[in-house]
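What follows are several structures.
Here come two complexes built around subunit A, the first alongside subunit B, the second alongside subunit C.
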Partner chain A sequence: MRKNYGPIYVGPVAFWLCAFLSVPLLITLSYSFLAKGLYGGVEPHFSLAAYRSLFNTAVLKVLLNTIIIAVLSTALMVGLALPTAYYIARSSQKNLLLMLIIIPFWTNFLIRIYAWITILGSNGLLNSFLMGVGLTDGPIQFLYNRGAIILVIVYTTIPFAIFPLYSTIEKFDFSLIEAAMDLGASKTKALWKIMIPNIRSGITTAVLFTFIPTFGNFAVPKLVGGTSSWMLGNLIERELNITRNWPLASSMSVVLTFVTMLAVLFFMRSQNKKEL
Partner chain B sequence: MLLAAAIVSMVVSGCSEGEKEKPTEQKVVQKPQQQETAQTLYIYNWTYYIPNQVLKDFEKEYNVKVVYDMYSSNEEMFTKLKAGGSGYDLVFPSGDYVSIMIKENMLEPIDKTKIPNFSNIDPEVLAKIHFDEGSQYSVPYMMGAAGVAVNTKFVKDFDKSWSIFNRDDLKGRMTMLDDMREVLGAALKSLGYSVNTKSLEELQKAKELVKQWKKNIVKFDAESFGKGFAAGEFWVVQGYQENIFLELDEAAKQDVAFFIPKEGSAMYMDNMVLLKTAKNKDLAYTFMNYIHEPKVFAQIADFLMLPSINVPARDLMKVKPNYEIADLARSEFKEDLGESLKDYNQIWQEIIVGE
Partner chain C sequence: MRQTGAAFHQQRVDSVKSSQVTVENVSKSFGDFSALKNASLTIAKGGFYSMLGPSGCGKTTLLRIIGGFETPTEGDVCFDGVSILPLPPNKRQVNTIFQNYALFPHLTVFENVAFPLRLKKIAAAEIKRAVQENLELVRMETESKKYPSQLSGGQKQRVAIARALINQPRVLLLDEPLSALDAKLRQHMLLELDAIHDKVGITFIYVTHDQAEALSVSDQVCVLNKGEIQQIGSPAEIYESPANEFVARFIGETNYIHGTIAAVTDNEHALFDSPDYGNFTIYLDKKVQQGSKVALTVRPEKIRVAPEKPDNLPPDVNVLHGVVEDMIYTGFQTKYFIRVSKDKEPLIVFRQHVQYFMDEKPISWKDKVCLWWNTKDSFMVEVSK
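Moving on to the complex of A and B:
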C-alpha cells in the first residue's frame, strides 16, 4: 500500500514559513493598528494614528525616492545581467566564470560597501587617479548622492539577476536561433524575437530577486547616501529605534510589503498575459 | 550515526567545561578573605564606561563581586528594564531618562548621607541639573557634549562657533550628527534659545538654520563619520570626542582641533541611579561613594578623556581632557521633552527628507 507522504515532506517548510514569515507579518500588521506607547512599544487599543501620519509630504517623498532608486537599479541590473548571463552560457569556461561572480560574495556585504567608499571618496583611488593624470584640479564628489546608492546596490545585488538568467539561457535551445537566421533574421533580431520570449521566466525571477531587496535596502543609503537620499528602510529604522514609534514603523513596513507585493503581482500578471 | 553521537558528546562536554571554569575564577578572587558568601553588585551601564581596573579594585577592597552588563543606548536600557529585565542594582541613564524613570516610579530616592563623597561634585554643575532637581534620585557620573573637530591641516582659520557650518568654502567636507537633539540643539543655541525649548516658533527658526547648514554638509551621520574624518575625507565634523579620537593615531591627533562652540551645545549627564527593585542597596551606596573617591574618579576621567565633575579629582588627573568643564559654561543639559518630542520629530523629519 502506498502512503501519502506529502504532508510530512511539506511540514518543515510550512512550519518555517508560518513561524518566521506569516506570524511576524501578522504581528507587524496588528501593531500598525495599535496606539503608540509613550517610550516605545504599543498600547493595546485600536488606533489609525500611524496610518494618518503616513500621509505627509516627507514620507511620500521618501517613498517616491525609494521607488525611483529601486526601479532604476532593477532596470540597470537586468540590463547588465542579460548580456553577462548570455556570454557565460555560451562560453566554454562556464564554471570558471560563475565562480568569478560568486567569489566577491565571500566578502562581507559591509566591507564591500566600505571598499566602494575608499574607491570613490574624495581621497579615493579614482579621484587620486583623475587628479594624477590632470583631468581635474580638485576631487569630484562621487559619493553621498543617489547615483552612488544605485551604483553600490547594482554591484552588491547583480548576481541575483545573473544566476536566474544564466540558468534559463543555458537551457535555451540555440538551434532555434540558427533556424531563425536561416529564415533571414539578423542575429540581433533572432535573439530579441526568439530568445527573449523563451527566457521570460528567468527575466521575471531576475526582476523579482533584485527589486525586492533593493526596495527594502537601508544599509546602502545610510553609508553612501547624502543628506537627501533617504529610503523607506531608513525611515522605518529611525521610527523603530530612535523615535520609538512602533505603530508608525509597522505601518511603513506594511506599506513597503504592500507596494512590493503589488509590483510583483503586476509584473507577473503582465508576463503571464504575454505568454497567452 | 556514531559520528553524530561523538559530536554531540563533544559539544556537551565542551559546554560543561566552560561552565566549570567560571566559578573557579571567582573563587580565586574570594580566597584571600576566606568568606563564603560574597555579595554581588549588579551594574547595568554603557559599553566600556568604567575601566576594568576600577571594578577589580572595588571587588578586592570590599570583598565583593561585580557583574557588569552593557547597553549602547538609553532606549535599549529602558526597554529592557520595562520588559522586566530586573536583577540590576545600579543603572547609568542620561539626564532625560532619569526624569522619565522618576516619572515611571522606577527609582529609589538617594540617601546622600550614605555617599559622603557627593560633596566632591562641582556645585556649579549640580546647579545646572533640572532633570532631577536637587539630585534626589541620581548621582552624577560623567558629563560631556558633542563638539566640532577640525582637521587643521586643511582648515587653518576658523571661528570656534557653529557658524563654521555656514562656510561655503568647506562645502562637501563637513558632516553633522544624525541626531535630532544634537543638531537642533546646535541651531537653537546659535539663535540664543534653549536646547529644550518648547516654542514652535523657535523650532521653526532653528529648522531654517539647519537647512542652511545642510547645503554645506555631506551627510547627517552618527556612525562612520569618525573614519571619514580620520581618512581626511571630511575636514569638519560634529561629534563626541570619543568617536573622533578613537579613530586617530598619535601623529594624526596633532592636526586635530576639537572645540565646544562658543554658543554652547546640548550637553548630557550620565548618572548613577538606584533601582526600586535593587537587592543590594547598601553595596550600591558603597559603590557610588567609591566612584567619587578623587583617586578613583581621576582614573575614570583619564580613561574616558572627559573633564572631571569631581573637584578634588581634577588635580589628580594625568591625561588632559579634550575640553574642560569651563568650555561647557554656555551649554545646557538635554531634558526629557515630554509632549514636545513629537514637534521635534516632525521638524527633524522635514529637515532630513526635504530637499
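Moving on to the complex of A and C:
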C-alpha cells in the first residue's frame, strides 16, 4: 500500500491559512455584528448598527469612488501592460527589460509614493519645469485628487499585470499569427483575433492581480489623495484608529471583501464561459 | 470514368484560377549566413512541384519568401509574370499549410476553416455552405464541432488543408505537411493530397526532406542543398540521371565509382578504368574525352547478384566479383553489401525476391558472388579534366 502523504504536504499551508486568514476574517465578520465599545473595541452583544450606518451617503460615495478608481486603474494597467508585455516577450533583451520592471521593487513602497509627491507637488519637479519654461505662472495642483491616485496606483501596481501577461505571451505560439496573416488577416487583426483569446488566462490573472490590491489600497489615497477622493481603505483606517468604531470598520471590511469576491467570481465566471 | 492524361489535367488547370510561379535569382542572407543562393525556378500553373533537400538547406526559407514572411535579399518572385514582393502576406493569393498545422486552438474545426471568410465579412449562410463543402473535400464534415486538441494528427492536417483552400488561393504552399505523421498515415495522406490536387487544380509547392514523398506525387522536383539548387527535373530524371554526386546520394541509395576514361570505344561506349573496382565498359550519356576523370553511379537495384556467373549473360554487361560482407533481409528484398576492393566502400546491391525466397539459391555472409549490370545502367555524374 502506498502511504498517502497528502495531508502532511498540505498541513503547513492549511495551518497558515486557518491561523492567518480564516481566523482574522471570522473575527472581523463577528465584530461587524457586535455593538461598539465606548473607547474602541466591542461590547459582546449582537447589533446591526454597524451595517445600518453603512447606508449613509458619505460611505456610499466613498464606496463608489473606490469602485471607480479600482475599475479605471485596472483597465489602464491591463491596457498598458498588454503592449509592454508583448514588446518584452518579442524582444531579444527579455531579461534586461524584465529586470528594469523589477528594479523599482527594490525601493520601499512608501518611498516610491513620496517620490511622486516630490514630482507632482506644488514645489515639485513638474511645476518647477512648467513655470521655468513659462507654460504656467503659478503652481498647478496635481496632487490630492482622483487622477493622482490612479497615476500612482498604476505606477506601483502595473508589474502585477505585466508579469502574468508576459508569461502567457511568451508561451504563445506566434506561428499562429503568421497563419492568420497567411489566411488574410492584417497583423493587428491577427493579434486581436488570435493572440488575445489565447492569452486569456494571463489577462484574467492580470485583472485579478491588479484589481484586488487596488480595491483595498489605502496608502496611496492617504498620501496623494484628498479627503474628497478617499477610498474604502481610508474610511476603515479612520474608524479603527481615530473614530474608534470597530464594528463599523469591520462591517466596511466585510463589504470590501464581499465586493472584491463578487467581482472576482463574476469575472472568472464570464471568462470560463467564453472558454467553452 | 475518370478522364486520364495530360489533356484532362490541362482542361482543369485552365478552368481554375491557378498561377504560374517564377522565382528569379532569389538570394537570402541572415546576417553573414546565406540561406539561399541565387535560386531560379519556374513552377507551372497547376503543377505539383516539390522542393527536396536535407534539413537546413533553405526550403522553408524559400517557401516563406513566396508566402511573404521573409523578404529576399536579392531577386524577384512573380505570379503569372507580376512581382508579388510588394504585397504583404495577407494580400497574396497564396495559402500555406504549416509544418505544425497552426490550427487556432481556441476555435472549433468549423471556425478554423471559417476564419478567412469571417475576416471578409461574408454572409453567415454563405460561410456555412463554403465551410461544409471544404470539410467534405477533406472528409472532416462530421468533426466540425471539435477543437483542434481533440483531433488526431491526420485530422488536424485535413483541417489545415480545408482552411488553406477556402480562400481559393492560386498557389498552395505545403511545408513538410506530413512529417508529424507516422509512416502508414503519411502514405495515405500523400495519396489524399494528390487526389485533392487533382480536384482543386491549383499549383502546389510541396516542401519535404523525404525523397520518397517527393518522387511519388510531383510533376517536378527541385533538389536543394546548402541554399543552392542542385537539379530540377521530373522524378524519373532526378532518380535516373542525377546531376551530381549530391543528388545521386541524396535521392535513394547508390553506388558511387570514381575512375578515368581509358578509351572511347565508339560513339556510345567507353572503357572505364576504376582504381578500386577494375575495368569495365560504360555507356556515354555525356560527351567525354579520353583521359577525363569521371564519377559513375549505379543504382543498387540495377545490379544483379548470383552465387556463380550465369552462362547466358548478354554481351553488354559488366561483371565483377566480390564477397558478401553484410546483408539485410527486409522481406520483399535483401540488401547486400558486397566488397569488391579491399579498402573501398562495399557495393550495395538489392536482390528482389520475386520467387519464393526459400527456393532461391541462397547467398549468405562471406560467400563469393558474381555481380553484373547492363552497361546502360550506369550514369556519369561528374566529369572533370
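The rule we apply is simple: the second predicted complex is superposed on the first by the 274 of 276 C-alpha atoms of A that agree within 3 Å, B and C clash if a C-alpha of one lies under 4 Å from a C-alpha of the other, contacts with A are read in each partner's own complex, and residues count from 1 in each chain.
One rule holds for everything that comes next: a contact is a pair of C-beta atoms (placed from the backbone, for glycine too) under 8 Å apart; a residue touches a chain by one contact, two chains touch by 3 or more.
Predicted, not measured: the structure shown is a model, and the values here were computed from it.
When the two complexes are overlaid on subunit A, subunit B and subunit C sit side by side with no clash. When the two complexes are overlaid on their common chain A, residue A:I8 makes contact with neither subunit B nor subunit C. Once the two complexes are overlaid on the shared chain, A:A185 sits against subunit C while remaining clear of subunit B.
With both structures placed on the common chain, the touch criterion links A:G226 to subunit B but leaves subunit C unconnected.
Using the contact criterion defined above for the overlaid structures, shared-chain residue A:N198 touches subunit C, although it does not reach subunit B. When both complexes are overlaid on chain A, the residue A:S175 reaches subunit C alone and has no touch with subunit B. In the superposition on chain A, no contact is made by A:I103 with either subunit B or subunit C. When subunit B and subunit C are set side by side, the one touching more residues of subunit A is B.
Applying the stated contact rule after C-alpha superposition, one finds that A:V133 touches neither subunit B nor subunit C.
Of the two partner chains placed by superposition, only subunit B is touched by A:A58; subunit C is not.
When the two structures are aligned on their common chain, the gap between the nearest CA atoms of subunit B and subunit C comes to 47 Å.
Those residues of subunit B that touch subunit A in the complex are listed here as 73, 75, 78-79, 82, 100, 172-173, 180, 214, 217-220, 223-224, 228, 231-233, 341, 345, 349-350, 352-355. For subunit A in complex with subunit C, the touching residues are 173, 175-176, 178-186, 189, 193-194, 197-198, 200, 275. Within the complex, the subunit C residues that touch subunit A are 67-69, 88-90, 94-96, 98, 100, 102, 104-106, 115-116, 119-120, 163-164, 167.
Residues of subunit A that touch subunit B in their complex: 39-41, 56, 58-59, 61-62, 117, 121-123, 141, 143-144, 222-223, 225-228, 230, 241-245.
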